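The first chain written gets the first letter, and so on, giving A, B, C and D; residue counts start at 1 in each chain.
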Amino acid sequence: MKEWLKKHDTLYFMLTNKRFVGGMIFILSMVTLAILGPWLAKIELRWYLENGVKEALDPTANIGIPYSPPSSQHWLGTNSFGQDVFLQLVYGLRSSLLIGIIGGGLATFIGLVVGFVSGYSGGMIDELLMMLTNIMLVIPTMAVLIIIAAYLPYRGVMIESVIIGFTGWPWTARAVRSETLSLKSRGFVHLARISAVKPMRIIFGEIAPNMLSYVFMVFILQFGGSILAAVGLDFIGLGPTRGTSLGLMLQQAVLWNAIQLGMWWWIIPPGAIITALVAALYTVNTGLDEAFNPKLREM
Amino acid sequence: MDILKVDDLKVYYKTLRGSVKAIDGVTFTIRKGEVLGIAGESGCGKSTLVNFFVLPKEPMYHAGGSVILEDKDITKLSKDELRKIRYEKISIIPQYSMDALSPTKKIRVIIRDIMREHGRHVDYRLVEERLEMVNLSKRVLDMYPVELSGGMRQRATMVVSTLLNPKILIADEITSALDVSTQKFVIEMLMGFMEKKIVDSMVFITHDLSILYQIATRVMILYAGKVVEIGPMEEVIKRPVHPYTKALLYSLPEMNVRFKEKRLEGIPGHPPHLLNPPRGCRFHDRCPIAKNRCEEEEPPMIKVGEDHYVYCWEVKA
Amino acid sequence: MGRYLSKKITIYVLTFFIAVTLDWAIPRFMPGNPISILVSRFSALPNARKVLTSYFTQSFGLDKPILVQYLNFWKAFFHGDLGISVYLYPKPVIDIIKESLPYDIALLLPSITLSWIFGNWLGALAAKNRILDKTLIPVLYVFTAMPYFWFAIIIAWILGVVVPIFPISGAYSYSMTPELSWTFFLDFLYHWFLPFLTLFTVMLGGWAIGMRNMIIYEIEANYSRYLESLGSSDKLILRYAFRNAVLPQVTGLALQLGTIVAGALTTEMVFSYPGIGYLLLQGILHQDYFLIQGCFLFIVLSVLAANFLVDLIYVIIDPRVRYSYTEGA
Amino acid sequence: MIKIENLTKIYSTGVVGRGGIVAVDDVSFEIKTGEIVSLVGESGSGKTTIGKLILRLIKPTKGKIYFAGREISRYKPLEYYRNVQGVFQDPFSSFNPIYKVDRIFENVNRYLLNLPKSEFWGKVEESLKSVGLNPRDVLGKYPHQMSGGQLQRTLIARALVIGAKFLVADEIISMLDASTRVDVLNILGDLRDSMGLSILFVTHDLSLGYYISDTTVIMYRGSIVEMGDTEKVFKNPVHPYTKMLLESVPTLDRKWKPSEEIFKVEGDVTSFKGGCKYYSRCPFRKDVCREFDGKLSEVEENHWAACILFGGD
């Protein structure tokens, strides 16, 4: 009875947790903005569309007058080339979210698999996998990303997500391993073993479901981490070779002296949207932590 | 002489679905020079009682009754006043005494810091003397808790807890995680503290009646947040009166019974949930002699012998 | 303790080995033969081209078996030969890196240590003070969520353009040459301040939040409950909690170093601060692959070294590690 | 039924191959059909490790275990676990908190039995009834909705459904309340008597062992110090360790005698190779004990002890 109440308490605490709900609302509105962006841009750039400027919805097209501050025609102004900042922003947001999902998802997935296998099997496999994990942990992943990206002649959002995913998993693996270790010594795992349940089914049928809330939190952190890693890479100049992204926007802003020229509309929005998005993800994570962990609940 | 008087104490827990009445109207006293044993099964309210004395924290709250220590009702004291009483008057050896000491501080430092909190300086001669009482060398002082075994840490904690010669020492389930041989040493050390008058009185909390029998002068048996029987240890064990006490004693495999010769029986049923405890006697649905009245009205306190009281409708004085 | 260190050293040696191998392998195994692309790119520098072509053949040794190429790479590495920069031709990469080293140390050492100390202090305060927790922590969350370089841009714009108090480019004024004098030092500090402030602020948030969470966890620990049961003040409990909470923060420092360095790279780019980050940017902009590889190696090596240092410190401050490895249990 | 021969388990610590903790040290004994053997010892005695070794949850370092005359590693898991089953100490951790109690039975049928559904669940209900549970109180419930005693009974019922002939019961009642403990013990006794189930009853509580078991094996730091017929071991203890344990058991019919000073020396004072492991704590120790090989010798019929001073020849 007590435990049953607790189960529903978690849901209750989740939905009454201001951090969780607030963060979630913001993230969902960002997702909506990314999805509806081009449609909004149609309203914004109606003048160009009506006048037959076909490339008006291409974020790399130089359609407007360079250096224009925000106006009704260009909601967030134009940059030094006359590209529309708002248009770039919504497309950049799209790629950021995509990278977050793919990169974060991949990192979470690899981390989970390595952590489960390492923690459950123990012995030599565990030693080797943990060695690998520790090595990956001490190598500065950004440096690896840089060197890989630098030699790739063509880079798309996909490739970027994949290399971020492949370098971001170690801490997840370590955390999942220690969680698995503690679950592994529980009676129900022993009981499954003496029911002749196969190891893979024990991992995914008995151990993994107990970590669902934890995995969800890990994914959220990886999501935010991937977005940050990607904008960093873009900013260095190793982002997607085609299209636009939030990091790329900022790189160009710095290269073309937007700071010195005081073009705040080119500088502030891309960074602010990343910051807000990542902060919202962190906030959701703390909210979840409070909901899942009774010790942190505020009565 | 009574050191502490608890009268109709009620301690509840706030939850989303109402109050859990973990201690619901408990009356007893602690006398000078005695070891009061408090026994009961899980959920009877033992740990609530302990925590109410040493660490009253949300969501626990005081829902009624008084606790008089030296003419002062400690339920009415401010946080700071309470802080002074702890350790000096009421001290505890906690259930987790094997890891009660911070792992990254030397034991000497821990002792110094806690004493300083109460405005005292450490008399290391005394500390060494006490360490010797529990079979620890003075070298322990300059060690980190991680360097000691679990048993040594527990004994170091025993020394720390009693340095200020508290009036009342609460020993909270300190033997339940121990092996039989170690249980005995620990209890002998506690008795040493009593003999040397380091502590005036002791409250020994456990679920194990046979251990309690080795140390306690009086015993109080709790069931579902209420006292069912209280009296001299020897008498309660030899002549239990309350049906719960009787059933409990009968269910204990002692070293004189074998399954093949005599079959013991447990108590059927479960303790009630304390969010909505039943009316009347809380034991009535498991009680072999319960009558209708037991379901309706709270049982009265009946004196059944010298200093021996029972809360039951079906018992004659 | 010896075992703890030997285990750690094994990891570091392996990591170092892998990093150098990666550095060697990536240009060779990437799709599209970057070496031919490389050489063709430098047709713009006619006098450099000949030298480069011979240099590539020599150092990459493409005609030789792959194992020999690999061994030669190591040999060159141990002789401090990281190739020649194209962008600053004909300067050896190792010399360029050496020149930027002091700037990196001047920027990173104080910003990392100060933000760590101050962040942990703030976090501990927030853990016990409800008001601070409600007001400060959200702000710190925003700090950690910021990309370093964006905050650098904002700071540069506000304190360099809107209210032009600080310079926003370079490590010293154009009119100066590096020398040991007060005027230069002050000028240096003046240029140093904004990059420092950026790194300090963004890192601060992470440490403070980490410490706050750790303390809240430690305050629930048995030893805290024991102290409280014996009537200790919140102050003492907090002090004990802090002592234990600091340990994971030290480990955190080791784990975060890579991210911090990456953040520092982009910050230097914004301020055109002549550290490794700025070099790297130049390398990337000018397709100077030797420079990029050199920077990579240098970054990896310094992170490894710093990590090792943190591990050493950890042994000193955590009696548990010291004990469990000396007793050989 | 189960025969253990020179069983040794060393847990390696840290880096492969270096150092290790000897949990079980050259232990041999036998559990006959229809017998309850209690394996008694303090923490660190290796009793739980033996249970795990029998259940094949860990592999022995040396020595062999036989079930029905065949070495256990030669059985296929399916075959083995249809015969040998276990119940563990913590009832709440034995159940996956996110699944209904039914899960443990479903796993049994899916992996071990493969019976038609109706037949299987019929058997489950029958087994639950035989351990004194109402199937309606168990099936469809979550583990946290049940008491520890109910859960342990459910686990015993699980072993019955499987049709196990041997049960490892590892401290199965140490976490239960006093008032329900004896019921679970009684179930074990009843199953032995009615079905001839053999049980290894692992416990640290001597009084429980005395109540239920036919044979008692007493372990100290990985080795057997005394074993034999329960009545004989308890009434006529030989090894000083057994005596000390029996002295220390708290009971309601006598108060403890004060410990002798020597008993207060706690644990591993000096551990040296060879010699009696109990040497450092033994009040009767003599120099010859340092040469003692720790072998059991017969004291009387069905009663062995490993003591050079008091044991048989």
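Note that in this section a contact is a pair of C-beta atoms (placed from the backbone, for glycine too) under 8 Å apart; a residue touches a chain by one contact, two chains touch by 3 or more.
Just so it is clear, the model here is predicted, and its values are computed rather than measured.
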Required minimum of steps from subunit B to subunit D, each step between chains that touch: 1
Identity of the most central chain, Cα criterion: A
Contact-richer chain pair (by C-beta pairs counted) among B-C and A-C: A-C
Distance between chain centroids, defined by C-alpha means - subunit C, subunit D (Å): 55
Gap in Å, rounded to a whole number, between the CA centres of subunit B and subunit A: 52
Separation of mean Cα positions, subunit C and subunit A [Å, integer]: 22
Contacts with two or more other chains, residues of subunit D listed in rising order: none
Contacts with two or more other chains, residues of subunit B listed in rising order: none
Subunit B - residues contacting subunit D, complex: 41-42, 135, 149, 151-152, 179-185, 187-188, 207-211, 213-214, 237, 247-249, 251-260, 263-267, 270
Complex contact set, residues of subunit C against subunit B: 222-223, 225-233, 236, 240, 243-244, 247, 317-320, 323-324
Subunit D residues within the subunit B interface of the complex: 42-43, 147, 149, 177-183, 185-186, 189, 204-208, 210-212, 230-231, 234, 244-253, 255-256, 258-259, 263-264, 266-267
Subunit D residues within the subunit A interface of the complex: 16, 55-57, 77-78, 81, 84-86, 88-91, 93-98, 104, 107-108, 111-112, 142-145, 155
Parts of subunit C lying in touch with subunit A, wherever the complex brings them together: 11-12, 14-15, 18-19, 22-23, 26-27, 30-32, 34, 37, 141-142, 144-151, 153-154, 156-157, 160-162, 168, 216, 220, 254-255, 257-259, 261-263, 265-266, 269-270, 280-281, 284-285, 289, 292-293, 296, 299-300, 303-304, 307
